Each structure stands twice: as C-alpha cells, then as structure tokens.
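Next come two complexes built around chain A: one with chain B, the other with chain C.
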Partner chain A sequence: MRDKDVRIGVYICHCGTNIAGIVDVEEVARYASSIPGVVVARHYTFMCSETGQNMIKDDIKNLKLNGVVVAACSPALHEVTFKNAVKEAGLNPYLFEMVNIREHCSWTHTDRRLATEKAKDLVRMAIAKVKELEPLEEVKAEVVNSVLVVGSGVAGLSAALTLARAGLTVYIIDKRPVLGGFVTRLVNIAPIGIRGREFVKPMIDELVEMPNVKVLTNAEVISVEGGVGNFKVRIRQRPTYISDLCTLCGYCEKACPIEVPNEYEGKLTMRKAIYLPFKEAYPPKYVIDENACTKCGKCIDACPVKAIDLSVKERYIDLNVGAIIIAVGHEPYEPDKGEFGYGLTRRVITSLQLERLLDEEGPTGGRFIIDGKVPKTIVFISCVGSLIGNKTTNACSRRCCSTITYDTLKILSKNPDSHIYILYRDIRTYGFEEELYWKALENGVVFVKFEEPPKVEVMGDKIMVYVREATINKNIVIPADLVVLFVGMTPSNAGEIVRIFKLSRTADGFIREAHLKLRPAETPTEGIFLAGAAAGPKGVMESVIHGAAAASKALALLLNKKYILREPLVAKVDEELCSGCLICVGMCPFNAISVKYVGERRVATVNPLLCMGCGTCAAACPSGAMEHNGFKDKQILAQVRAFAGVVV
Partner chain B sequence: MSSEYEPKVLMFTCNWCSYAAADLAGTSRMKTPHNIRIVRVMCSGRVDPQFIMEAFAQGADGVIVSGCHPGDCHYMEGNYKALRRMLLLRKLLEQLGIEPERLRLEWISASEARKFVEITTDTVEKLRKLGPLKPRLDYVRKIMEEVVK
Partner chain C sequence: MSPKVRVALYWLASCGGCEESQVDAISDKIDIISNLEIVFWPVAMDFKKEDVEKLPDESIDVAVINGGVRLKEHVEMVKLLRRKSKIVIAYGSCASWGGIPGLANLYDINEVLSRVYSEVPTLQEKGVMPRPKSVTNEGMEIELTEVLPMLLPLDAVIDVDYYIPGCPPTPETFLKALETLLSGNLPPRKSVIGASTRALCEECPLNKTKPDKVLIKEIRRIYNTKIDPSKCLLVQGIPCLGPVTRGGCNAKCPRVGSPCIGCYGPLDKHIDYGAKAISFIASILDLNDENEIKKALDNGIPDPAGLVHKFTLPASRLKVNLKRGEHK
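Showing the complex of A and B:
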C-alpha cells in the first residue's frame, strides 16, 4: 500500500473492565489516531458485540477504510468474528490484523502505565503490518464427503451414528479386535446400573447394519497427509486370522493350549490365546491374541468350518476422508506393584476387578467372594492415579465417585452386614448422582476424608489401612478384608496420536482441544475433531454428548458441500524472482512444492491445496522469491521496525 | 524505577504452541515481564534470520524465538529448521559484536504457561545484567543492507 492511499481504522476493546481496568484504552486510541495512515481510532466496551462490529462495518463503508486493526483478546477467540465483520462490510478480510492486549497484556500485567505502553507498541506494530498487507482470495478445495472415526468406544460410536444417520460415509476403526471400547468392561454404569456391553450393543447393531458405514477392527492410523476436506489416511490392519465363516462354536478355544490373564475379567481369570472377548462382541467371531499365540495350529484342526487361516498378513488401507474424529478414549490407571499394597495380595484389587466380582456373569457368578471368603470389612480408596498415587494426572476422573457409591450399595444389597469405608479426598457426585451419595450414607457407609494419601500395609493375611481423618484430625487404623483402589483415567496412547495427527497435549497428558470452553469438540487443526475421554476424563453420558458434538461439527463442515474455502495463508512463488535453485523443495515437509518451466526457465511452484502454510520455505529462499501470504517478509519486517518505535 | 534500564525484547512465537502458552499465562493471570513484544508467525521455521538482525538493528536488546518441542511441531519439522538457523545466526552475531546470549531459542508447548513466564522473566533479568545492546549499529545496518539486497 502506498502511504497516501492508506486508510486504516483502529479499534480498541475494553472487554468490560478486563482490558480497560489495566490498559488506558482512551490513551491507546488517541495514540493510534496520531499514526500516519490511521483515519479513525475508536474504543468501545465490547468490540465483539453487534454494536462493536457494526462500528467497524460502518467505518469501512463510510470512511472507505482499506485496513483494520482490532486490539482485543487473543485471535484464538475472536479473529474469525472480526474477519467476518470486515468481509461483510465489503473489505477483503486479509486486510485485517488482530492485536492481543488481553491475554498478552492486561491479564498478565499490573502496572497501568507499563501495560498501556505495551498496548501502544503492539498496536503500532500491527498498524505497520496492515500497511503492508495485501488482499487474498480463499483457496477452493474439493471435499470428500466421508469421515474417519478413530476409536469405537461410546464417544466414537455416538459420533459415527450421528454422521451415518445424516448420510455421510463413515469409517470407524479400533485398534482392538472388537468394537465398544473401554465401556464394554464395565458392569455398572452408575446411576442406571446397566452393563456396559449391553449399553453399546444397540448402538453397534444399528451402526453395522448401515450401508454407508465401514468398520475396521485391529486397525490403527499410521500416517495422515493433506488437510481439511481431503485427508489422506494410511491405516494398518493387523490380521484377525479368522474369517466371517466363524459360527462361534468354541471348538478352537477348547483346542488352544495357551492361557493368559483375561483383561475382560479384570485379569481375575485366564483365557485362551484364541478367545471371544465377550458374548455380544462385534464382529461376532473369535479373535486371536497375537502376542500370546504360538501359531501351533491346533485351532485350525479343531475348526469345523475352516474359518481360521494363520498365514494372513497385515494389510494397509488408504482412505480419503474430509474430516477425522479422534475418540481414542483412555486407559484405566494400573497401580504399580506395592502401591497401596496392590499386587502384594489378592485382596487389594482395582475398581475394575471389583466390577467383575459384582457381575452375575463374572468369574464368581455374582457372588461377592474373594479367595472363597466373603470380605466383611471393605476399604475403598478413591482417586488412585488421578489425584493420589505414584503417577497422577491431576485430573478428576469424573465417573468414580458415583460408581463407588453405587458399588457400595450393590455390595450392601448382597451382604447387608458388610462394613464399608470410603477413603476420599473429595466426593464429586454431581447432579442426580448426589442421590447415590445420600443413599450410601443412610445405609451406613463411612466416609473418611483425607488430605495425606492413606497407607496400606499387607502383613500376611492381614491388611491394615492407616489414614488421618481430615475433619476430626485424628489417625485411624482400619483392619480390612478387602481394599478396593478406585483407579482414574490416564491418556490412551495420546503421545502416538498427537505425533501422527500433529496435535498437542494438555498438562495432564490428554489431547488438547481448540478451546476449553468455546471449542471443546475441535482440535486446533481444521477438520480434526475430538470426542470423549481422549480429551480428558469423561463419564459415559458426557462421552456420548461429546461424540455427537464432534459429529455435528464435522457435519457442518461437510454435509451437502462439494468444496470448501481454505485460508489462503499459504506460500506463493514470485516467478520473476525465482532462480530455480529449489532449496524450498527440500524444506517443504508436505511435498507441496514442485518444479515448473516458464519458457526455458526452471522455477518452483506451490500447490496451495497441499501447502499447510508454515512458511519455512519463505525463510529459506535466498532470492526472496518465496513468500508466505499474510506473513510476507515485508509484513513481518514492518512489524519488527515498528517495534523500535519507528512509525513508517 | 524510571531511571532503571529496562530491556526491550522481541519474541517470535509459533501460532500453535508458544503463542497459546502465552495466552494460557494470561488466562491463568500469571504475571509476565512487560518488556516482551510478541510477533506471531505460524511456525518457528518461518523466522527468517533477517527478522532477528533487523530487530537488533532497530534497538532490541534481546530476541526470543519460541516454537513447539522437537517432535511436536504442527508442521512436522519446522522447529528443527529454526534450530539450525539460530545456531548459525548466533555465530554470526558474535562476529558482529553482539553477545550471542541476546538471542534465545526455546521450546514452549501450549500447556507450558509456567515455562513461558520463567523464560521471559529469566531473559529480562539476564538482559538487565548484560545492559543495553551497544554494538556497532551502523556496521550492522550496513551488513543488513547487503543481506537484504
């Protein structure tokens, strides 16, 4: 932009008192209006409100603005809001720059004078950049009307069902051999008391009957390329060895000589290397535990329908999808040996093992016995692995408190003369689940609050639990017959998922959402959504809601669309300047740059659909021919020069 | 207070990790030094050494370049490229009479608001001790002009 043509509007937001309480907004506006090229500078209580947005729109029209600066909150929050306002007023939205004077200024400083000076500097830098900005047109990208759902727990199922019902093609994959996820291992979904397997069965039944749904079990994503609207995903499917001919007769299981602990029974019982995870499992066939199987071949001989083939190799599947929903769930915390006595005796168990002991279809047929005896004094320790324990996430696991109270009631209904103690740091039975807490209290369950984690000592046959009761401030010793550790949720394979999908993690290790409150079902990457406990601990109901929310975001993106508009903040070559050295080609991690000939001359060219807009090629280009739209050399340099107080 | 020397620091943050960490520091109401001015780029790999040279030429006392942790880059490997460029640039700075510690490269993930506070605070403290940048500015500017050409 040439100086005499520059007509910039600057808008300073008070954000109530959030900004105006620390930053002298009037002073900043006054200062901005003194900068050459600024034709109007205003300040207002809430720039993001309709009145605030109309202020910008009216100025664009009436004052013929050709650049807009809004100094307000983080662009993560309202950049889109203001871009749209600018666009609606007929100005190219890429002639707009946002200045963060809330998160980066008023919220983090206390000195009014210094904060105001900083706000003025940041506004000056943005004005300098806007002067160099150029109008850009969005890149039209064709979309694929299909979605990949990674993970088939309740969140994934809920998402896949919502998408499939709307008519999109849905691929749902799970790394396990059967659908249903962690919930299938639960016996009591408090407060309704339904078995997890039965809870997901109608969802799975409906899903697998739909013609537009494709299920892949034993499958994991190994790489992702492309971007929103057109992701290219490579999936590795480990062999299942057993074909659909399987009739569930069970002869193979009888013939198999290998035994390993059964994770579906809380490792309380053994299972074979060839096994049926649970009777409602989908796909309805036996599965082979690859880690345990020795490929002895006895099952092949035993199978009457010749459904087993151990020579099958893993296969790779390439999918083209418009959006991805990550619903990889969580893993229950596995206490270390000796942690609260775990692993030292069979009478310190986890909540998952307790679930199996309370199940009519469990290893004891629902009789609450351990080592042949009915435990009389039972101590529950809550928050293990979430707030206390060797490795903590510091995140409340949300479902445990209601499950503990529900389980104590179930134990009392079986053995009314049990003495039950719940050792807790906080009881969080929110909503209607509070009723369970009161029922447990009425039925004589003793709640013991601790601040220091309790200690468990195993002495031969005896288990002693030591705890300091925080309300009466006295040490208590409880001789227990059974100790139940209520284990929290830990991130499931989040490190690997984050690496493959290029996402980030929260401090507690779960996958980070785009915004905790405003965009909880999205990731910062366009077209990749988040559902369920992958984004942090959630109860069953919350996961179902989260799954549907992620699906509706994907629907809004893809349904009935042939193409979408992508941000044009990509790299672009000035063919006049390009010397054809092709340093940029080696820089690009996305293979977006290729060679082209202009007459005889070799130059680089960028595919805007493959370019992700990192700008590393622009930083490397020795001739200044490669430019990063929205972050061009001259634009950033203008910002840097204005930093020192030079008003250009 | 007003007579005391206050360093001026320019900070380049990537959009995905470090800018978000600065946001989180604000949302958590952590106190950061007021001397930092952030320029947002999409990736630390976008930071052209000439931006940093220009910042020093314009009187910045220190420059921080901050990106995602190695292996966590939103664009796969942009932060490695930043690392290579910064290592070379520090050598160049030395030759120009600028203390190389005035340029810092740091990895700050989106959840590391505390690290953001620690690094910015530490940088300002170190620069306070180091004092204002007193290189042969005219010399730097001359070299810059050649680089830009």
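Showing the complex of A and C:
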C-alpha cells in the first residue's frame, strides 16, 4: 500500500492503570497520529470494553479505515475480541495488528520515560506492518462429529461419558486389555473410601451400553494425520486371542503352566499367562499376557466353548475423528532396589501394595498381615519419587496425603493397637480432606516432619528408620515392622504420545497444557485435548472434572457443526517462484505439504487444513517461494526497518 | 535498415571468462553481429579511454561491463561509461555481486597485498609491492592506479540497469539476454535478464530422483566422496546449492555429477543469498544432538563463507573487513 492510500486507526489502551500507570498513553497516541498513514489515534481506559470496541467500529465506518492497530494487553487475551470488532465493522480482520504494551512494556519496566519510548517503538513497528498486511479469508474445514478418547482411566471414562451422552460418536481405546486404568488398582479412594473397581464399574457399564460408543482394548494410536475437525488416526490393536464366547469358567487358567507376578495385585501374588485381571473387568473375558505366553496350546484344549484362538494377528484400524482427547494417565513411581530399603525385604512396600493388602478381595482377603504376622509399628514415608528419592518429578502428586491419612485410619480400625508414624515433608490434605488429617491425629498417628529424607536400614526382623524431626530438630530412630513408601506419579509413556501427537512436555515430563490457567485441558494443537493425570498429577475427583472439561471443549468445537473456520495464518506457496526442490516437504511436522503439477512443472502445495502455522517451511524455503500469511518477509522487514531505521 | 545498436564492452577485475562466453555466444550469429556497432572493447580492439570521452553523453546504447570494481581506475571508467550509455549491464557474477575475488573482502586489504606480493610461495621476487609511482629500468616514470580497500559490485558505484548472472554466463544466457534487449520490450530496470526466475532445481534432471523428504545425516565433500551422478547430489549429502541459486544455466554442473556452487546467484526474493543457503542446509540436516551437529558442520563445511557466498560476499549483509584470524 502506498502511504497516501493508507488509512490506519491506532488505539492505545490504558488497561485501567495497568498500562497508563507506567506508559504515557496520551503521548503514545499523539506520536502515533504524527506517523504518515495514520488518520486517527485515540487512547481509552479499557479498549476491550463495549465502548472501546465501538470506538474502533465507528472509526472504521466513518473514517473508512483500511488498517487497525490496537496497543493493549497480550494478544493471547484479547486479539480475538478486537479481530471480531474489526470484522463486525466490515473490515477484513487480518488488516489488524495487536501490540502488547502491557506484558511487554508497562509490566516489565519502571522508568516512565523509557517505557513510553518503547511503547512508541512498538506502535510504530505495528503501523509499518499493517501497511504491508493483506486481507485473508478464513479456511473452511469440514467436521467429523466423532471423538477419539485415548485412555480409559477415570479421566478418559468421564470424557467419553460426557461426549456420548451429548450424542457424539465416541471411540475409547486403552493399551491395556481392560478398561478402568490406574484407579482399578486402588481400594481406598479418599475421602469416601470407595473401591476403585466399584468406582469405575457404573461408568463403564453405562458407556459400553451406548450404541454410539466403540471400545477398543489392547489398542494404541500409531499415527495421526489431518487436523481439527478431521483427524485421520491409525490404531494398532494387539490380538486378545479370546472371543466373546468366553464364559469366565476359568478352566483355561487352571490348564496354563506359566506363572508371572500379578501386576493387578501389586505383584504380591502370582497369576497365569492366561488370566482374568479382576472380577469386575471389562471386557468380561479372560486375557492372555503376550509376553509370558509360550503358545503351548493347553488353554485351547481346556476351553469348553472354543473361545481361544492363538493364531489371531494384530490388526490396524483407521478412524476419522473431529477431535482427540488424550487421557493416558500416569505410572506410579517404582522405587529402585535399595531405595528406602525397597526390594531388600518384603516388609518395605509401596502404597499400591498397601492398597491390595487392605482390599477385602486382595491377596490376604483384607486381613492386614505381612508374612503371616500383623505389623505393629508401621512407618509411612511420603513423597517418594515425587519430591524425594532417586528420581523426582518435583511435582506434588496431590492424592497421596489424603490417602495416607485415610489408610492409617483403616489400619487402626483393623488393628487398633498399631503404632503408626507418618514421615512427611508437607501435609497437603486440602479442601474436605483436611478432616482426615485431624482424625488421624486424634487417633494417635504420629506425624514426623523431615527436611532431609529419612534413611531406612533392614536389620533382621526390624527395619530401622532414621529421621531428623524438623520441628524439634532431633534425630529419631524408629524400629518398624513395616515401611510403606507412598509413591508419586510419573508421566505415562508421555514421550511416545508427544511424538505421535506432536505435543510438548513440561519440565517434569508430563504432557503440556496450552495454558495452565487460561486454556486448561487444551493442547496448543487445535482439536487435541488433554484429560487427567497425563497433564500432571491429579486426584480421582480432579481427573473426573478434567475429563468432563476436555469433553465439553470438544463438544463446543464439534456439536451441531458441519464445518469450522480456521485462521488463514498458514504457509502458502508462490507457485510461480517454486522450483520444486522439495526442501519444505521434509520440514513439515504436520505432513501438510505435498507435491502437485502445474503443467509440466512440479511445485509444492500446502493443505491449509493441515498446516498449523509453525513457519518452519517458510524459513527453510531456499527460494522465498514459501511464505507465511501474516508473517511475510516484507511484513516482518517493515517492522525491523521501522524499529531500526536501517535499510535491510 | 534500422540503425545499428552501439555497444561498449569493458572489463574490470576479471578473469576473461566473461569475454570468452560473449565471443562464444555470438561468433557464429551473423545476424546479431551485423546489428551491432562496437564502439569500445579494449580486450579485443584498439580503443582508448579518450575515444569514449569524445563521445556525446548517452550516445552508447548498451555498455556491458564484467568484473568487480577493485581499482580506482575502475571507478573512473565505469562512471564514464555510465555517463555515455543509455543502458548499463552488469555481466557475470563479479560485476553483479563481486564474484570469487570478492572473498578477499574477508580480509584487510594490507593483508591481501602482503599475501599476494610477499607470501605466495611461487613468487620469484618477494616483497615487491605495487606503488602509485615508480621509475622503470629505462628511467621511465610510470603511474599506477590505487587498489580499493574492498572489492565492490558494479552497482555499489553506478546505477546498473540489468544483470546477466553466471561465472561466466553461459552463451545461451547471453543470447537470451540479447534477445530480450533487442526485442524492444524491456523488462523493469534492475531485473536479471537471460536467466530463470526460479531456482536451479527446476531445470536439473536429477531433481526427479529426490525422495519425498530431503533430509541428510551428514554433509559430504566432493574430494572424498564417491558420487552417484544419476542421483540428486543433495540427497547424497553434497551441499549442492541448486535449491537456492537462480536457474538459467541448464544445470550444467549437477548434470555431470558436480554440485551447483551458486554462480547464478540470488533469486529476486532473496535478501541475503548466503543466509538463505546456510538456512536451507541447516534445515535439512536431520540431527538433534549438539555434538553430532558440530561434527557434521566441521567436517562438511570447513569454509562457510566460501561455500555460501562464493560469488556474492561483497553484495551480502556481511560487509565488514575482518582481520585475519577474526573470521574463525
């Protein structure tokens, strides 16, 4: 655009005193109005308010603006607000540029004069860019009204139920042979004390009865293509070998010669290679542990209904879904051998093994005994693998403190003369669970605060626990009969998941949410949502809520929609300049670039529905044929020139 | 019969390759030659500076100048030719962006002179430096022009109307450029003529052998690599500059298994040719480990400026002379 044709409006927001307290907004507006091409420059208390937006709309109509600059807060907060205002007034919203003079200026500086100068620089640069902007049209994407939920723990179940009740087609898959996830290993879900398997059963029962729900167990996502509204997902389902004819008679299990530790009983007991994970398991049939099974065929002979076929091969299933919810959960921390005495004696156990010992249906029938004896002195060590231990995530696992206090009360109800010590760094029984802490105190549980992690030494029958009590600052030695390590949550297979779905991880290794506070349950990739402990440690209640949150965001995206509009801020090829060198094709993390022919010539082409606007291809393109809408060289260089006054 | 086109041909810091390509192109094109009236061509015919000075301003239709501006004399001559000519053409890589002699700009001029006149091992008499004034054995006083501190592309000194790229431009490129000029339908000023508007890959026969994704784990050098001349060199790890270099040469080098070294220079959209070149090489280098990347670059690109700015350094963003050692 030539200067004389440019008609730009510039709006400086006070943000109350957030900006105006440091930046001289009047001065910035005065300065902006002196720049060629600017026909109006105003400042106002809250540009995002109705009045502020109307200012822009009126000016667009009355002054025939063809470019708008708003200098206010972060675009993450109000870019959409202003874009919509510009659009409503009849101007293409991509002729609008937002400048962040709050986070990038007033909040980071204290010197009024310098902050004002910086705001002027930023505004001048935006004006220069707007002069080079081009109107863009949004990209229409067709929507598939179905959702894939990856993981069937409480978060996945909660998400799937919410979506299925709203009438969407839901695919729920789990890499394990049964639904329910981690919670099925718990017996005491604090503070209500419900068994995990009973907790998920009604959810699973409702879900699997729904005609619009498809369940795949033993299944994992191996690749994802496409984008919001229309993902193409390839799933690999490992064989289950046992058909729905299974009557749970159990003859196969008796015939099976292979025994391995039973992970569903905290490895406290053994199970066969063909086994029923637990009696409430869904699908209600025996499963075969592929790693343990030798395919000897004895189970086939034993099965009275001919439900077993060991020749079944893995299969691949291609799904087309509009959104994806990742609810792959966590893995409990597994202490190293010797870490706090773990693995050196059967009397140092993890919190998960404790759960099984307290379960009426567990290996001891709910009697709290170890090696046939009732442990009298019991020491709990909290935060193992989360805040203390060989490998820590530095993330509080949230559910442990309430579970510890609940478990001690349960033990005391079974064996009232137990001596129980809880060694802790912080007790975080928040909300309603605070009551459990006081109950434990009242019932004689001794809380020992440490700063240095305790040391555990196995001495014959006794386990000596050494700890320096931090409030009285004295060393204490506790000869214990049983030590329970409360283990934290670690990311479950997150590396593989982020690779397949092209997401990123937090420093702790969990899958990163788009924004902890503003965009929970979302990922930066449109149409892919996160639920439960996959995004960081959560309690059961929180996971249920998080699952429902992810589902409602997916619903908002897909429900009753035939297509969605996507921002056209994507890469675009100038076919006239493209030499077909293919450098860009290998750069694209989203497989959005392919090759097409213009007559005889081979050129690159970008699918705007698959492009996520990362810009990698534009940076790599050796000839400058690939450019990024809204971030073209001429637009960025205009900003650089406006800033530095240099000829680039 | 229309009047002949009055042409001046001149060379600056040049190797003579450009003249060869010009002669090569038109020696058998009688129809073209008969249309030209050469008014100045010191490399082949006996003209002097005074002959040009005597001509009226803008009386030459086209001045075709090759070589980079290295001497004070060059500055005087090109300013003179500019004044006398309607159209000035930068012919070849040196005139366009400095060319290979432009790599001397990486060093201070005194270091360059010392290298050339004292250190080169094949010198018979070391340390004889050029002086502005000297007396010959016969007692004749002669004057030499001064060397400039940096080698400059032609357009750093005078306005250039068109560019014909290449080291040297192929005869076909020159003929195509002449065709454009003689057609009377002149492209916008500052255009590159006679060559392609797209990168070399388009015209390279090896381009169709590329796999879908061009990613390399190693950067190889031609002196110790067995090259398969039937496959894209880039895919074989050779840093061929085809994707970043203007086409128009008909892929003469890659066609015979030798990588493009970039003599047709930048495309219209480039801001800095070398930056684009190194950026695309970095992009396709499919390594993530810092040490592996360092190893690949140390082994594969020992001389980055020599690779990506072999013909374009004086026209790049890197304009500063560096003292020897500083560029490491």
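One rule holds for everything that comes next: the second predicted complex is superposed on the first by the 514 of 648 C-alpha atoms of A that agree within 3 Å, B and C clash if a C-alpha of one lies under 4 Å from a C-alpha of the other, contacts with A are read in each partner's own complex, and residues count from 1 in each chain.
Rule of thumb we're sticking to: contacts are C-beta pairs under 8 Å (C-beta built on N, C-alpha and C of every residue); 3 or more make two chains touch, one makes a residue touch a chain.
No experiment lies behind these values; they were computed from the predicted model shown.
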Contacts of A:125 with chain B and chain C, given as first, second, both or neither: first
First (chain B), second (chain C), both or neither touched by A:210: neither
Chain B versus chain C as contact partner of A:633, first or second or both or neither: both
If touched residues of chain A are counted for chain B and for chain C, the larger one: B
Touched partner set for A:620, first chain B, second chain C, both or neither: both
A:586 touches, of chain B and chain C: first, second, both or neither? second
Contacts of A:74 with chain B and chain C, given as first, second, both or neither: first
Which superposed partner A:601 touches (first chain B, second chain C, both, neither): second
Touched partner set for A:6, first chain B, second chain C, both or neither: neither
Chain B and chain C contact sites that coincide on chain A, given as residue numbers: 587, 616, 619-620, 633, 637
Touch list for chain C against partner chain A, complex: 197-202, 207-208, 210, 212-215, 242-244, 247, 267-271, 276-277, 279-280, 283-284, 286
Interfacial residue positions of chain A with respect to chain B in the complex: 74-76, 100, 102-105, 107-111, 114-115, 117-118, 121-122, 125, 498-499, 502, 504-507, 512, 524-525, 569, 587, 589-590, 612-616, 618-620, 628, 631, 633, 636-637, 639-641, 643-644, 646
Residues of chain B that touch chain A when the two form their complex: 8, 10, 16-17, 20, 22-23, 25-27, 29-32, 34, 37-43, 45-51, 54-55, 58-60, 68, 71-78, 81, 85, 109-112
Chain A - residues contacting chain C, complex: 576-583, 585-587, 595, 601-602, 616, 619-625, 633, 637, 648
